[in-house]
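Two complexes are shown next, each including chain A; its partner changes from chain B in the first to chain C in the second.
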Partner chain A sequence: MFLSVGVRFEANVEALNMVETAGNYTKHRRVPYLVEEDRKLKTIYVPAISGESLAHAYQWSLVKEALAMNLPVCEDCAKGEFFKSMNKAHLKKKINPIPDDSKKIEAAIIKSCIIEDVGGFLYAEKPPVRRSSAFQVSYALPIKSMALFATAEPQLHARHAQMDAKGKKGNVSEQMIYYVETGTALYGFTFNLDLDAIGVSSLGAGPIIPEEEIKARREASLKALFRMLSSAQFGAKLSRFFPVGGITELTVVVTEHPFVVTSPIYDSYVERTKKRLEVIKEAFGEDYFFDSTNEVPEETLRKAIEYLKEKGYI
Partner chain B sequence: MDFPEVVNMLRFFVRMRNFGYVDRMGNALTYEPVEMAILEALRAFRSIHESAKTDENDRKYIEKNGKKIYLPRIPDEEEIRTFLNAVRKDMSVAKRVATLALAFPSKGGEE
Partner chain C sequence: MVSLISFLKVEVRPTGIIALRSLPQSKMRNAFRYPPPSTLIGALAYPLLHIAGDRTETLEPRRNARSSADRIRPLIEWATVKVSGMPRVYGSILKINRLHRRSVESAVTSFPMAVMYGESDYTLTLLYLLNDDLISASEFSVKDFERAAWGISRLGSRESVVSVESVELGKGTIMEKEMAETAYAFLLTGKKVQGGGVVQGVVDWKEGIGNYSKARIIVMFYPEGKVEVEGRLKVIDVGEEVVL
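Now for the complex of A and B:
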């Protein structure tokens, strides 16, 4: 089963993805974006949130859900440090001595950590072992029709610096001023989860953990997505730049084979997704789940989880 | 036209292991990414200038891993204007400047 989610969310005055601090200036991530104006294409620069940023938040949600369900999470991932068994030092915490067989290495990692099972890993030693992530996430970008209204605006802030008796401390003045760029846009992003990949070897060795645990891991993966979206705990600087806004639209599709919702950056993405699903149903006779809302996104996610439960998938 | 002040500024970022600006300029296919990269590089460079320390010879520097990295001067308005006009006419100018910034300075540069 393959789950694909299209999310639109409004975020005003956010600092969800900062890329660089030079001196007293902290910059928001920005990407070039093609828009059509007066029947001509042009490039504009818009605030963006990287897929890596969203993926980190998802995996952190997954840590919490997995621990709550008594599923295995390795020592590094439990701390939110996703080293992903990248070298001998980290892998030895899972299996010692380290075997020469890549299938045995993969099995040891998957058995001992759901985060690396779902989020993939790269053991970059001899023999190298790589596992693709079972979930995929796009950049969050302003939706096409409103991209020209997206802005990144620097905001001035001041921080008090402690003074010595002379009133100066080195080059530090009493008030340190700094600028933080804030982004404002109606963003869209896509999240995919390949439920068939969870708990199964990517090196052709079949299921690595018992069926019951695979189901539990699938459930934890879905709950993590639910929790990440409903709590809006993604991106940086939430303590002082929690974005004003929230999810405006959410579309969920569950299919037997990989199918990705039409990107929510397009205004007609819900209708196009529906049409594409109908064609696939006619052509291949495959069942699907589809739901979309601009009211309560949690309700749509709940229905998708119920559908997967009915199918005996979780 | 080699635009030495733009090259020196970009070279400073390369020495800081910040390849973002030089890569964006070197790989740009149209004018807009170059203009944006220059705008952002200048903004960051000015900010670094303001918070830099000054040595006994009045030269500005910042410290990275215990080493002093001296700051070149901020490119002047005329050179930026000429550079942007040149890029608008011929995109290969941006690639040439980015390439020079990645090269070892011929004389008088810090490395």
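Now for the complex of A and C:
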């Protein structure tokens, strides 16, 4: 089973994905938006949030969900440090001595950590072992019809500098000023989750954990998405730049084999997705789940989880 | 003698960004503007193996690790792409701070990617020429290939999510010609081109997909719009357009 989700969310005054810091200026991630003017391409930079940033948030939700369900999470991942068994030092915490059989290495990692099972890993020693992530996230970009209204503006902030005992200023000014760029946009992004990859070897060794645990891990992966979207716990600087806004539209599709919702950056994405699903059903006799809402996103996610439960999949 | 070949024409929409690292396993920050054939085959292999219930990603991990896409490589004669609009390669500068032996180190890097995001709606048309004989002798059917095409979910790295908007399965006639017009990418060697485009060196996927450290490089031409090509051409008509 394959889950594909299209999300549109409004985020005003957000600092969800910051990139470089030059002196006292912290910049928001941006991407070029190409506009044609008099048959010439012009570039406008709009705020963006990388898929990597969303993926981190998703995996962090998965840690919490997994721990609540008593599923294994390794020491590194439990701290939110997603090293993913990248070298001997990290792998040794899972299996010691390290075997020289890649299938044994893979099995040890998958058994001891759901995050690396779902989010993939790369053990870059000899023999190298890699596993692709079972989920995929696109960049969150301003939806196209409103991209030109998206902005990134620096906000001035002040921080007190420490004075010496006599209150003399010396060379230090009393206040340090700094700037944080905040973005405002209606964003859209796509999230895919390949549920069939969970708990199964990517080296051709079949299921690595018992069926019951695979089902539990699938459920945890879905709940993690639920929690991430519903709590809006993604991106950076949430403690002071928690964006004003929320999910405005959510579309969820579950199919037997891979199928991706049309990106919500396009205005007609819901209708297009629906039409394409009909083609799949007609041509291949494949069942699907589809739901879309601009009211209560949690309801749509709940229905998708119910559908998978009915199918005996979780 | 007229010979026919099956083709799959797959129209995909990007989610705005396509990240194609030109050397997958290296730290070199380089990006392709257009997806090379190996990426196109990998993109189709993933849903195809999903249908087959095969979760293998890496073949022969011990010796010469290859991608499982290599399993379906012989079934595909050729893979090419047509891109509407001009993608732009863009890499935002990142500053990375890390703690190393108790001191803070700082480095500047960037992750370039092809941006297909703007006023116009970009589409990529992926075109696969299938080897019918080998497919009918394999565990897959052409119908499986058609469903797999609907399931293409990304091109390149995991941020490059795409959605498939239409799939057309058809038969094309192979013709020998001296001159043709095409918007699809083709092998440049031995051909004269009139029109704009980008030349990209890509790995020779016929030699195997997955381990590129010793792979041969082939030169592809990615047209911007339609170009005129001269040479000893093998041309396949795929509806209103031709592929070389």
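Convention: the second predicted complex is superposed on the first by the 299 of 314 C-alpha atoms of A that agree within 3 Å, B and C clash if a C-alpha of one lies under 4 Å from a C-alpha of the other, contacts with A are read in each partner's own complex, and residues count from 1 in each chain.
Everything that follows uses one rule, which is that a residue touches a chain if its C-beta (ideal position, glycine included) is under 8 Å from a C-beta of that chain, and two chains touch if they have at least 3 such contacts.
Quick caveat, the model's predicted, so the values are computed rather than measured.
Chain A is touched at more residues by one of its partners, and among chain B and chain C that partner is C. In the superposition on chain A, A:L41 contacts chain C only, with no contact to chain B.
By the document's definition of touching, neither partner reaches A:C77: not chain B, not chain C. Once chain A of one complex is fitted onto chain A of the other, the partner contacts of A:C113 are absent, as it touches neither chain B nor chain C. Once the two complexes are laid over each other on the shared chain, residue contacts for A:S133 go to chain C alone; chain B is not touched. Legend: residue contacts after superposition of the two complexes on their common chain; A:G23 is shown touching chain B, with no touch to chain C.
Of the two partner chains placed by superposition, chain B and chain C are both touched by A:P32.
Judged by the touch definition given at the top, the superposed model places A:A304 against neither chain B nor chain C.
Shared interface residues of chain A (contacting chain B in one complex, chain C in the other): 20, 30, 32, 43. Those residues of chain A whose C-beta lies close enough to touch chain B in the complex are 20, 22-25, 27, 30, 32, 42-43, 45, 171. Residues of chain A touching chain C in their complex: 2, 4, 19-21, 29-36, 41, 43, 50-52, 55, 102-103, 127-133, 135-139, 141, 144, 189-190, 192, 194, 196-197, 200-204, 257-263, 265-266, 272-273, 276, 279-280, 283-284, 286.
Interface of chain C with chain A (complex): residues 13-17, 46-47, 50-51, 53-59, 61-62, 65, 85-86, 88, 90, 92-95, 108, 115, 117-121, 143, 146-148, 150-154, 158-165. Residues of chain B that touch chain A in their complex: 18, 20, 30, 32-33, 36, 40, 43-51, 53.
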